[in-house]
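Shared between the two complexes below is chain A, which has chain B as its partner in the first and chain C in the second.
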Partner chain A sequence: MSSGLLTFAPPDGAIREVPPLGDGSRVRRALAAVLGDRRLAVPTLVLVAIVLFAIIAPLAWGVGPDTQNLLASLKAPSLAHPMGTDQLGRDIFARVAEGARISLLDGTLIAVIGAVIGGVIGLLAGTTAGASDAVLMRVMDAILAFPPLILAMAVTVGLGVGLKTAAIGATLVLIPWYARLVRSEAIRIRSLPFIEAAHAIGASRRRIIARHVVPHVMPTLAIQIAAGFAYAVLLLAGLSFLGLGAQIPTPEWGAMITDGLTYSLTGQWWVSVFPGVALLVTVTAASMLSDRLRDVLDPRSSGLRS
Partner chain B sequence: MTGVIARRLLGSLGAIFGASIIAFVIMRVLPGNPARLILGPLAPPSTVHSLYRQLGLDRPIYVQYWRYITQFFQGQWGYSYSDGAPVRTLIGERLPATIELALFAFLITMLASIVLALLVTYRRRPIADRIVRAIAYIGFGTPPFFVSLILLIVFFSTLKILPGPEGRLGAQVTPPATVTHLYTIDALIAGEPGKFLEAVEHLVLPGVALGMANFAFLVRLLRANLLEVSREPFITVVRGKGLRRWTAFRRHALPNASLPTLTAGGLVLGEFLAGSVLVEKVFNWPGVGSLVYEAILKQDFSIVQTFILLSAVMFVLVNLGVDLLYAVIDPRVRVRSVVTA
Partner chain C sequence: MGALSVLERMRGLREDRGAPAGVRAPQAATDDADGPFALSVRNLRTVYELGHATVQAVREVSFDLRPTERLGVVGESGSGKSALALSILGLIEPPGRVGGGEVLLNGRNIVGLSERQLSSIRGREIALILQDPMSALDPVKTIGAQLHEAIAVHNPQLRRSALRRRAAELLREVDIPQAERRLDDYPHQYSGGMRQRVAIAMAIANNPSVLIADEPTTALDVTTQAQVLGLLDRLVDEHRAAVILITHNLGIVSEFCDSVSVMYAGRLVESSSCEHIFLGATHPYSEALLRCVPNPERLAEGPLPAIPGFPPDLSALPGGCTFAPRCSVGRELAVCHEQTPVPELVEGPSGSAIVECHFARERAARGSR
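And then the complex of A and B:
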């Protein structure tokens, strides 16, 4: 420890110095930490670029995602159509941008709602021992008994096909992951001395959970939201690819890939490849960000995926 | 030990029970009347009503559940809504194609992940290591259907060296004499190397696409484990005793590093089950996955329901098997479970 600075060793062994607490605002410190670390900066900047693309491109681009021009169908990428046009002459660039809005928005919603519901379940299970813990976790086990995409498939088939039901299916898949995570964290924290201390000075159970357990669970949960987002986007695309999610003409990336499949194999590769690349970049950046956040913030669990 | 096994067994039974309830509930919320779905829009209401009663849909919900679950485990999976054939027959017909594809994918996945993990950990190869890690990352974030598409565009449309999405064999080729229903093995038994090659050529692209996500996962796991194990004192000890580097690796490091990958067995199977639906669709592979896909299109829910519950049962059983096997193979787990039990 040099000159009052908090130091810790990131997994790669290099010593990094973190500014002392109280130096600048929280946000600025967080920003400096993210941008100062190349491993975090790359996926973060990629995600920011995708978000900006999703916000700006549909506004700035002259052609709408559903505007058909049959005279200019299946045109190769050019200046007028940077990603070419599909079989109906729709501009693929405009559709990929619109698809980014769908995937980013729905992926975030699914991850956050899944984390909230799963988090509450996990917190309940982790802070109450006995019957309610057992019942809640058995229900989670039953959900985990299905391979993820197949459960989401079942839900959409059951509730009726569409982007909304696909999102419900994807949320259901994520809930037990978050619940298990939060439960094990809550159990770990519950046994720490400071909880005993809070108990000893007479803090109520509710206060201990709200003021001491929850804030300590939050970072772990927050990191997993990025992973949940990546998985949600992947699930939605998979369901849409099977025709269970977004319906024609919604330019969801998975649906666009199915739509252009036959053309892509007969020379017009751009019809399906561009939405696929967008999907790949988004999912990879988000899962990379989640992995690296965990490595940087939580040296204890240099987990399975390293 | 027995206590641990018993508890694990009970847990799995509970999970299957819970999954069957979820599957049943999903079936119950299905839009529309199954009797109407089976008979079609033109059937008179009286016929629909009698089929409704025949299917037991007017009975109390717990009676229906009991019927559903007992019939499922007796292998009576109902009849296809669209053509009336028993679901079991339909799945049985399509199963060999899926099994052959999954086995092939499994084989190349294991081979590729062991070879590449070995390559980057046996000696320091920073560039190769970076490439493998990048592939692992990208493979993890790429849905199988997109991998399929890229493979087809490269090897079929552009290079024209592998067959396109035409199923298990070319259109002019008749399947070899049936013994195992797996075309590659049947062709070998029948002594037809040409057909064997044909079958393998058709397996390569869908196999790689189906195996990609698992490969990404396994190679990362193996690489990390190998690095960890090679730093363990017992490796230093066997090297100190004069064992050659390769022997120490093969006899000591690799077995210890590959043990934890066994626990990924359930994950691998889950990926194959879900992936088969996506990949088979792209390659027109006549397996269970495309049967399910076609059933979704035709709203043939009896097939979809069976597939869903069947997947859950297989998934739970494989996870259980992996856990028990792990305890048998790795004495450390056994000791730990006795200590904690």
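And then the complex of A and C:
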């Protein structure tokens, strides 16, 4: 609760003017709400740090991700190379930073595009009962019937191995998640009295969906986008790890882990471990964020105070 | 007064055509000597098809509403009152559907119109006030935005500033203090009574000629109830709207309405002026309903009587009169269980009524109370 919400009578008996909720900076209130909640603030700050890292490190660091120096191959972490170097003498710190850029961008794109496509499908299914609902949802069920990694692999291989096709595969995996979620929310919201009231004032079906159903779906969708982002980053890294996603010399985290596996056996652990840690931190932060968002945004879970 | 005109017309019809007593209602007439009706409902039927059963929520209901007339529809829960309201507006959702009949709104049949055509009528010619003001407003939109919507849906040419002016006017009209400022509030910042006022403001935003209020005060406490009713009373007068007030509170009917229809198991079993019902209800069900109203003068008679039994299952209606199993008059009479009563026009000491009861005439003649 922000302090502006309640009116207290000060000792002199005068009632303080309370600004209406609509006033004041929304951004500031949102910021205060996020930072005031430790379980929301920590994953948010970690993700912000990774984003800054991905933006600043490549600019500030003198060595590029693809600069080879065979004289300095497989060097352990030092001041010159904080994360060491790989077999071609490339600086792993620069490569992890470049990998962060790839993972964040692609993860976000996959999560958002999946949410838009899945969201539209879910809205259509949830607001038009009957045949179209049944057809759309059976298609979604069919996609869900495949194990996610197998499906993504099949799509990637089918379309030609590469980061782009891996991203398409990951998007396809995510679409039914969103569609099912949005559909069930749309059905729940559609039966609420204010929707009937909107019908009664003569609002058209399309208007009701755009103005009343969509805003109510957004919080749930936001939670799912955060979760979808974590999953997409992991899936992309997994595909690259298997050699189906990013190809050499792209510094994608999954591909870098594969790259370094051989050397891990001979003691040069840093080649694989640092991209692995980056992946772990990113995915964990995103899932923590989505979990906490669910507690805060979902009116049905009473987890706000816990 | 309005109900009486229906009666007169029915009487006229019977005399003219020598129609048998089984006549339901005049066919598709939209006006009479006193001018056009705002709303004429003809043989309206609404069913819910649930696969294993068909629920008959509204069974061949007919009535007329003149401009500015106020009709109260009373009945128990599950008697089909709300289904009637939604059927008139074309808002019945699957698995329910309107199975037949006509709804003549300002002379035009709106049953079977496309969703688009209905949308242009709802809110502009006929509007609905829902029972629960807590959930009838979208919680994530400001009051102003929702009023804007109610206006803009039928006036797409209005600019934002004009919408805002009109929204503030509406809020002032329903007695919300500091209207301009409170436009930016969200529904949770309003009290229940204020929210119901907003719902009323949205309903009258486009000057509809017919207003259907489905238990508009049930969710409010008694003092707020009185304020909201007073407000509705004033606004309906000012906007010259006809009203169908759906309620189970006979007190509200007596204060607010000109005429009253008692609904039981999807039928209007007694329709008359308010005076008739309150001074001498003819149908045993209306009479029983009135007995259930607490009355300080009758405290000495012991505990408040209840109507025995339950409303019938609308998917498996008993043969004969649907009220017979619970009726103090006909519970043990074969005729009540075997023959369906037809609507009959009767003259009571305080006016005439249309009553569906085998004993309507004799009961009306003696004045039931």
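Basically, the second predicted complex is superposed on the first by the 278 of 306 C-alpha atoms of A that agree within 3 Å, B and C clash if a C-alpha of one lies under 4 Å from a C-alpha of the other, contacts with A are read in each partner's own complex, and residues count from 1 in each chain.
Definition applied: contacts are C-beta pairs under 8 Å (C-beta built on N, C-alpha and C of every residue); 3 or more make two chains touch, one makes a residue touch a chain.
Keep in mind that this is a model prediction, so the values were computed, not measured.
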When chain B and chain C are modelled together on chain A, clash or fit: fit
First (chain B), second (chain C), both or neither touched by A:Leu174: neither
Touched partner set for A:Ile201, first chain B, second chain C, both or neither: second
Which of chain B and chain C A:Leu280 touches, first, second, both or neither: first
First (chain B), second (chain C), both or neither touched by A:Ala129: second
Which superposed partner A:Gly158 touches (first chain B, second chain C, both, neither): first
Contact breadth on chain A, by residue count: chain C or chain B: B
Which superposed partner A:Gly267 touches (first chain B, second chain C, both, neither): first
Chain B versus chain C as contact partner of A:Pro215, first or second or both or neither: second
Which of chain B and chain C A:Ala142 touches, first, second, both or neither: first
Smallest distance from any CA atom of chain C to any CA atom of chain B, in Å, after fitting: 11
Contact residues common to both interfaces of chain A (with chain B and with chain C): none
Touching residues (chain side chain A, partner chain C) in the complex: 20-23, 129, 192-194, 196-205, 207, 211-212, 215-216
Residue numbers on chain C that touch chain A, as the complex places them: 89, 91, 94, 115-116, 119-124, 127-128, 130, 132, 135-142, 149-150, 153-154, 181, 184-186, 189, 199, 202-203, 205-206
Chain A partner contacts - residues on chain B that touch it in the complex: 11, 14-19, 21-23, 26-27, 29-31, 137-138, 140-143, 145-146, 149-150, 152-153, 156-157, 164-165, 220-221, 224, 269-271, 273-274, 277-278, 281-282, 293, 296-297, 301, 304-305, 307-308, 311-312, 315-316
Chain B partner contacts - residues on chain A that touch it in the complex: 138-139, 141-151, 153-155, 157-160, 230, 234, 237-238, 241-244, 254, 257-258, 261, 264-267, 269, 272-273, 276, 279-280, 283-284, 287-288, 304-306
